[in-house]
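In the two complexes below, chain A is the common chain; its partner is chain B in one and chain C in the other.
This part shows the complex of A and B:
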């Protein structure tokens, strides 16, 4: 494996990171939106969201990706590998994020909302000033956990032809007839990224425990 | 659209064979991973430093590795070291080894949260080693870790779908071949998605009944 090959894998890593970042950036607010729809028990929509979450949580990302990649052009929506990848990641992670957000929303103390109502705060302000900052703190570890899960499923994007870490490694393996070294380089890129996220998650968990113990 | 689903229905044999393979693979892998994970968790809970460190590196390393890359390394990478797998043995080995790491960590954290008293009582009655683990430690562990183990089983099923890339004839692979044969992508993959959903609902129902059992024993 030459230096150029390793550079090619790092190029793929950049694609992987950008797509993961896009999935995370889209999935976080969409997940929150879905959770709010269920929390507010919006008629008709809330049960639909519940079914969506249950279905998406059970669907393997490969299957979802192949479905989007092959079926959308069939119904007249042109879609490339990159956009199919981002869409699949977003749909998947939004469902998991929805559950994380919803769990913290359900745990949110009612008294605080009533107190905010009693001083005349409107719904939007109440959410922005009272609910969201606290819910964000309690959901943070769950959300970071979901981010590390998302990064761990990104090699799937190679299946529809996105040139990510995995695809770059496969190419080099096919050219050099030595598939093991490029795959090991690929794993060596993934492990520190995921490990860093897991460490941040543990750090926040420990800090939360300390804060709880102090309170 | 209805016609497309008709085509998929015409190929139901292929789809059900895929479902059968997915179930077979996932159940075998989950059971083996649970047993091996339980054994590994006893290593993680030891007092001595060296074995714990080795087990920790194995568990944390795998938990940071994407499953698909792990399967690729086993199937495409290891032959250059002279270790050859066919796609079934590579799939099964990949699923078992990978999820053993997760199961070990799940059982370890549940174990660390267990009260010490029953274990000390067991030791006082002369239990030790594997007997102590099997009779005293493991049963309450499985009951409290039940929901998380159930989630992990869902994860095993979802990871088994990745194995379509090494041409294992499981559910996603069956859906792909139906779609490429008849060009009915939507119907073929939706059918697969619904079958995955059904599998997960079955596991969730199982977990709920284990939870009720745990509640009744408390």
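This part shows the complex of A and C:
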């Protein structure tokens, strides 16, 4: 493995990070939005969301990606490998995030909402001040879990030509006929990425504990 | 209750709509030569792990086909846009019109010729087998009796294994287990790890492998008749096919193609202008 090869894997790492970040940044709020639509039982839309989530949870990411990548141009939407990758990741992770958020929302104590209503708090304020901060806390573990899965599922995007960490490693193996060293480098890059994510989770959890103890 | 039912039904309908649209609208056809000249670019798809035809070195695409793409850039009056992706998506991308041409070593087969047109062959690539160096249990085709073979999934190599099966059966043996891989690097690795006993690929790929890893692998005998790789274009795109064939003919005549063959394959070939596959 040459320096150029290592550089190529790091370029792949950049792609993996950017795609995962885009998927997480888009998938988190969309997931929350979908969960709220279902939680609030919005007529017509809530059942559509339910069907969407079931379909997306049942569709393998690679199938969804190939469908988007090859079918969208046929209906006049030109789409490149990177945008198809982000779209597929977002659609997929939003469905899973929706369920994590929804579970927390359903467990949310009704009495608190009734108490807020009794002092005349409006819906938006109720959500911002009372529901969201607590739901975020209970959802955190599930959400971080889904994020780490998302990072590790990015090699699937290689099928349409995205060069992530794993694909960059595979290319080097194909050139040198020595697949093991590049894969070891790849693993050595994935570990700190996911470790950083889990550390963020620990940090937030500890801060929450401190706040609770202080309260 | 009735409201719930209707809303659920409309939910399903709204989800199926886009799918129905996909089916209803005829597939966008690949650009014709005229359209390519008008819009000013040709979309070329190449692979990234099929040494020596196409592979990536230090992050840059190289190999025989990539140097041919360089020659095409000089030859063509329009821009060449290159997409690099794994084998899995390439032929599907050409068939759906996502890419105008696959400049990769796609072996011409009867089945592929039904949905794709092929340019003039770019190399002579009879299928051979490779074995572990020092594996004395394999010396000829006869010894392949019952041995496990590794081959790429969806490849012409896999499609033509019945030929090898007939050869083994003629010697009184039978074909062993077939293991399919998404690409060849994994197949070679499994052969080295003794999970398979031999791997079938084109003589060009295997010579390149043995030249690099002569201490691990050893070239065996041919396991097929004539086989030619060529570039694939969507079926019926006659103008583009003629244009590419003219390009290939010119590269043959001006010596570029034989020189690149010598550089990447170790020898240059006399190739037919067209090839009709038997398999």
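Throughout what follows, the second predicted complex is superposed on the first by the 193 of 215 C-alpha atoms of A that agree within 3 Å, B and C clash if a C-alpha of one lies under 4 Å from a C-alpha of the other, contacts with A are read in each partner's own complex, and residues count from 1 in each chain.
Criterion: a residue touches a chain if its C-beta (ideal position, glycine included) is under 8 Å from a C-beta of that chain, and two chains touch if they have at least 3 such contacts.
On a predicted model such as this, the values are computed, not experimentally measured, just so you know.
Steric overlap between chain B and chain C is present once the structures are superposed on chain A.
Applying the stated contact rule after C-alpha superposition, one finds that A:55 touches each of chain B and chain C.
Residue contacts after overlaying the shared chain place A:4 against chain C, while chain B stays out of touching range. In the superposition on chain A, contact is made by A:173 with both chain B and chain C.
By the touch criterion stated above, A:71 is placed in contact with chain B and with chain C alike. Contacts of A:159 after superposition on the shared chain: both chain B and chain C are touched. After superposition on chain A, the stretch of chain C whose C-alpha atoms clash with chain B is 182-190, while the remaining options among 56-64, 74-82, 128-136 or 182-190 stay clear. In the superposition on chain A, the residues of chain A touched by chain B in one structure and by chain C in the other are 55, 66, 70-71, 74-75, 158-159, 170, 173, 179.
In the complex of the two chains, the chain A residues touching chain B come out as 54-55, 57-64, 66-67, 70-71, 74-75, 151-156, 158-159, 166, 169-170, 173, 178-180, 183-184, 186-187, 190-192, 194-195, 198. Note for the complex: chain C touches chain A at residues 3-4, 7-8, 10-12, 14-15, 18, 21-22, 25, 27-28, 48-51, 55-59, 83-86, 88-89, 92-93, 96-98, 183-186, 188-189, 209, 212-213. Interface residues of chain B, counted against chain A in their complex, comprise 60-61, 63-70, 72-73, 76-78, 80-81, 154, 157-162, 164-165, 171-172, 175-176, 179, 183, 185-186, 189-190, 192-193, 196-197, 199-201. Per the touch definition, chain A reaches chain C in the complex via residues 2, 4-5, 7-8, 11, 43-44, 47-48, 50-52, 55, 66, 69-71, 73-76, 81, 158-161, 163, 167, 170-177, 179.
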